[in-house]
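Per-chain numbering from 1; labels A, B, C and D assigned in written order.
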Amino acid sequence: MKHKGLQVVIPGRREGARSLTLDNPVIAASGTFGSGREYGEYLDLNQLGGIAVKGLTPEPREGNPLPRIVETPMGMLNSIGLQNPGLEGFIKEEMPFLRTYETAVIANISGNTVAEFTAMATRLESVPGIHGLEVNVSCPNIHRGGEVFATNPEMVQTITEEVVKVTTLPVIVKLSPNVTDIGLIAQSAEAGGADAVSLINTVLGMAIDIKTRQPVLKRVMGGLSGPAVKPIALRQVWQVYQAVKIPIIGMGGIMTAEDALEFLMAGAAAVSVGTGNFVNPTACIDVAEGINAYMEKHGLHRVSELTGAAHKQ
Amino acid sequence: MKREYTGNIMYQEQLLEDCYRMVLKTDADLLQQALPGQFVHLRINPLGGPLLRRPFSIHSIDQEQGTLSLLYAVVGQGTRIMAADLPGKTVTLLGPLGTGFPHLPASTGEVVLVGGGLGTAPLLHTASWLQAAGRKTRVILGFPSQDRAMLASDFTQIGATVHITTEDGSEGYHGYPTSLLHKVLLRESVQAVFACGPHAMLENVAKVCGEAGIDAWISMEEKMACGIGACLGCVVRIRDEMGSHYEKACLDGPVFKASEVIFDET
Amino acid sequence: MKHKGLQVVIPGRREGARSLTLDNPVIAASGTFGSGREYGEYLDLNQLGGIAVKGLTPEPREGNPLPRIVETPMGMLNSIGLQNPGLEGFIKEEMPFLRTYETAVIANISGNTVAEFTAMATRLESVPGIHGLEVNVSCPNIHRGGEVFATNPEMVQTITEEVVKVTTLPVIVKLSPNVTDIGLIAQSAEAGGADAVSLINTVLGMAIDIKTRQPVLKRVMGGLSGPAVKPIALRQVWQVYQAVKIPIIGMGGIMTAEDALEFLMAGAAAVSVGTGNFVNPTACIDVAEGINAYMEKHGLHRVSELTGAAHKQ
Amino acid sequence: MKREYTGNIMYQEQLLEDCYRMVLKTDADLLQQALPGQFVHLRINPLGGPLLRRPFSIHSIDQEQGTLSLLYAVVGQGTRIMAADLPGKTVTLLGPLGTGFPHLPASTGEVVLVGGGLGTAPLLHTASWLQAAGRKTRVILGFPSQDRAMLASDFTQIGATVHITTEDGSEGYHGYPTSLLHKVLLRESVQAVFACGPHAMLENVAKVCGEAGIDAWISMEEKMACGIGACLGCVVRIRDEMGSHYEKACLDGPVFKASEVIFDET
């Protein structure tokens, strides 16, 4: 879906930084859409607002042993373990394909040290066709006893500062919901120079197989996503909107345009659809069309008129 | 563009206490494309839960009636809902998905299909297709006991040779389908084996065929979310020159060459 | 359901402290079961393991304006606002009824200051028929700018210490899931002298009405409960089991015996059913019977054989 | 002990584009107890979602057939599922719940029932009950327009006097049901008014009846979780000597004395 009223621009905040222009406010969420190839058979990738590609690491990763997914009531747990061909593999195998589309491509990067994040950002700076970086801070920091970066405001600020130093690409910091005060973490990203934040990543959860009396997932815990988490995600988008001034990309359980509108009204400038793609392969486009229809029906001219609407009485 | 289809439940047939055959009226597109061993990804309750789609093998296809049938066991929420579904209800389908059984080169050798319990599901469509191609088809169906045995007549009707095996000997061959397979491989001229069933059975099929030097393809059931290759939820470990790598059961499979599958993980 | 194998005893840890004996491991969760009167028409209250009565405050409270409940995918948000007749009202109006049953009655107390908690605990010490205290720390501390007690380890420890000083009743500290590290908070309760912890209270969430473009709940955020939160609750029970030695009462989305068994295996000594009662008024008893059936089928003699089973390989 | 009942869908009747009547076969116990203005709490999809039960007024009861009917509008997930439900499907029911319309002392004055749109649902059962008790029953049904009007014949069949009002004047009285009520109260000898419909209409019923000095009872729709008085989700603010207090719509209501309800909150 393309037309001026649907466009969302996330301006670069730093000197010389590029901005991110989405044709419409719906981005396919990282890790749920591969590099777009598979869903490209069900929809026209050019109709998306953006594609956040699957999480990348410096080296190829095999990912976790099976089972990797468990269904839960209106949700799912995943423990994919960042299976990916590594940054170079991705650039070689997927970018030529992605460059044939006009849709904004957002590289989602995961590291276990600050250096890994900056190395990936540096490398991506010069890759044609990359429109933005999404910094996935929901990873354990191997230099800090495995503490998850995303739970520590200083670490989030540091990663953000270091990444923005090495790139002119717009930098989106992807926040974890598994924290006491997500507003605080968003402020750290903002203070570190992030151009936007995206949230929520998956909620830590687990399931037990009562037959074997063991956790279903080999790695015990997994990430909960899907409609079950929507109320939590909306609340956190609301809190972050009150905490920071930079744009928010909202996600967590979006299946329909109505869901997406809730996120926009809670404060999101754009949204992502993750698990929803698995249920409905044209979800991203259905959501964009539904937002468009709502805007037409209510005489709205720009998506930004909806962003944060629920905060105004 | 590929798209989602709707399936209208025409009727259901209860084959065992916990096993049903569901006949769905659906789009000719889907029916025409469906190859043996492929599956459909069913959204059982588009108005409610469960959230995720459920993969089911294509059990049979009737082009004239415009119907597709599924054979399923009631094991959890989704299949419980299916069993309670009434004719007239609508589900949605993605498919046909995945890579099914291979198109074999012409040969006088027979193709042996081995099905364990519900694993028989994709073999009926497969047998019809082999028979239609003029291939000699032998089917070995394994069940725990006579009262769980089913489908023999469906296979004989289309001209396949059928053997039933039961673990307790209450019907047909007394033992596992793989031990009968072993005998068949010694006795007959077999070009290839296609199998579907529990992991333990598939592992044995791989072993028996490996020893006999016969090519075998097996259909693997892994938990799936997307069903089309995007989520990486359904991987199977495949042997290669470097050791091994993961392939996707939904896209590269569910049918894999038996000799290449590494079974340890599941 | 009563028989020796189903009994769960939570020993008092302090000098002179009483212990809590539950006839079976299933307790009706606070706020979802009133004082048992209504559900008493659908089941025999004597068959329950325990009843955690609706949250009590020192003075009567009217609760929040409507709407107070919103359904979400396989969950619900509530914003009841602790409507209750006040501690004295409860003792006068409900205790005579509750005393006619043998089932363990657990008083759930909520305060906005440490003094409110200790005043209620002191008063309840001498009320016949009360078998235990559940200290609901998911309330804002009015002396600390509204920071929720449950998110601050020191405050949790202080409340616990002060409450255990004034009561011989077994003290259960009810933990909030809305924290980065629930193990840490559980350790504070344990260090403060709690006899047990219960978790999870509701997860902070919200919903927006896209017609009015306003939050559905007048108080904006509410508490998410029901099957949607089960994976989160199980994960936190698992984490708390690894963090403390005191017994855990597990809850969050339990609808069936299978759900309850997952909680026991994750580390719970007993479980509570909350939202499940609304869907199935005999849920508590159905769950107890299902646990019993599972134990019989698998030749288990005591519920404790299941507690934490999933931690052992 | 009270208990949950099952309801088996016998058939459905589509009255308007988004309005259906569902006839459920259910337990005689439930049917015998059901008083006018009470409701049932329906678990629409016991095998799946939505999670919470949905409250529906008892629309009519047929003791001989052993059936209960509901009249419902399709507004969200639950009612969308209901509308798609086929005969033979089973739901579960709690009920009859709540406090319905009062048993009035004997009088020659008539009882006026006022229904706004779907608010008509409980009034059919109520009218039957009043007619059976030999009470003169007048029914005022308000709709936006003729194409949304319904149920007049159901009421005349049982002997009630029926007035249709439409906002656009396309059928019957041109205006709101409450303005016709106002006229009726001036003209007829009315003992009491029972009303069900949107909050705004109920507020007007309270006003009109208050001014005329006629007792009125109104049925309030609030969101419910438990439906039996335990969760405190469904409160209504009721006037008292001290000011006001909350009562539970599911237990103390849904029918309240109109003069006691404070409407500001919803």
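Just so we're on the same page, a residue touches a chain if its C-beta (ideal position, glycine included) is under 8 Å from a C-beta of that chain, and two chains touch if they have at least 3 such contacts.
To keep track of the chains, here are their UniProt names: A, C = Dihydroorotate dehydrogenase; B, D = Dihydroorotate dehydrogenase B (NAD(+)), electron transfer subunit.
These figures come from a predicted structure and were not determined experimentally.
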item	value
Chains touching both subunit B and subunit C (Dihydroorotate dehydrogenase), listed by label	A, D
Touching subunit A (Dihydroorotate dehydrogenase) and also subunit D, the following chains	B, C
Centre distance in Å when subunit C (Dihydroorotate dehydrogenase) and subunit D are each reduced to the mean of their C-alpha atoms	37
Approximate Å spacing (C-alpha centroids) for the pair subunit B, subunit D	53
Residues within subunit A (Dihydroorotate dehydrogenase) bordering two or more other chains	73-75, 226-227
Subunit D, residues touching no fewer than two other chains	49-50
For the subunit D and subunit C (Dihydroorotate dehydrogenase) complex, residues of the former touching the latter	1-4, 43, 49-53, 94, 222-235, 245-246, 251, 265-266
Subunit A (Dihydroorotate dehydrogenase) - residues contacting subunit C (Dihydroorotate dehydrogenase), complex	72-75, 77, 151, 178-181, 203-208, 210, 213-215, 220-221, 224, 226-232, 234-235, 238, 253, 258, 261-262, 265-266, 294, 306, 309-310, 313
Subunit B to subunit D touching residues, read off their complex	45, 47-50, 77, 80-81, 84, 86-89
Parts of subunit C (Dihydroorotate dehydrogenase) lying in touch with subunit D, wherever the complex brings them together	31-34, 37-39, 41-44, 54, 62-63, 65-71, 73-76, 78, 80, 83, 226-227, 275, 277-282
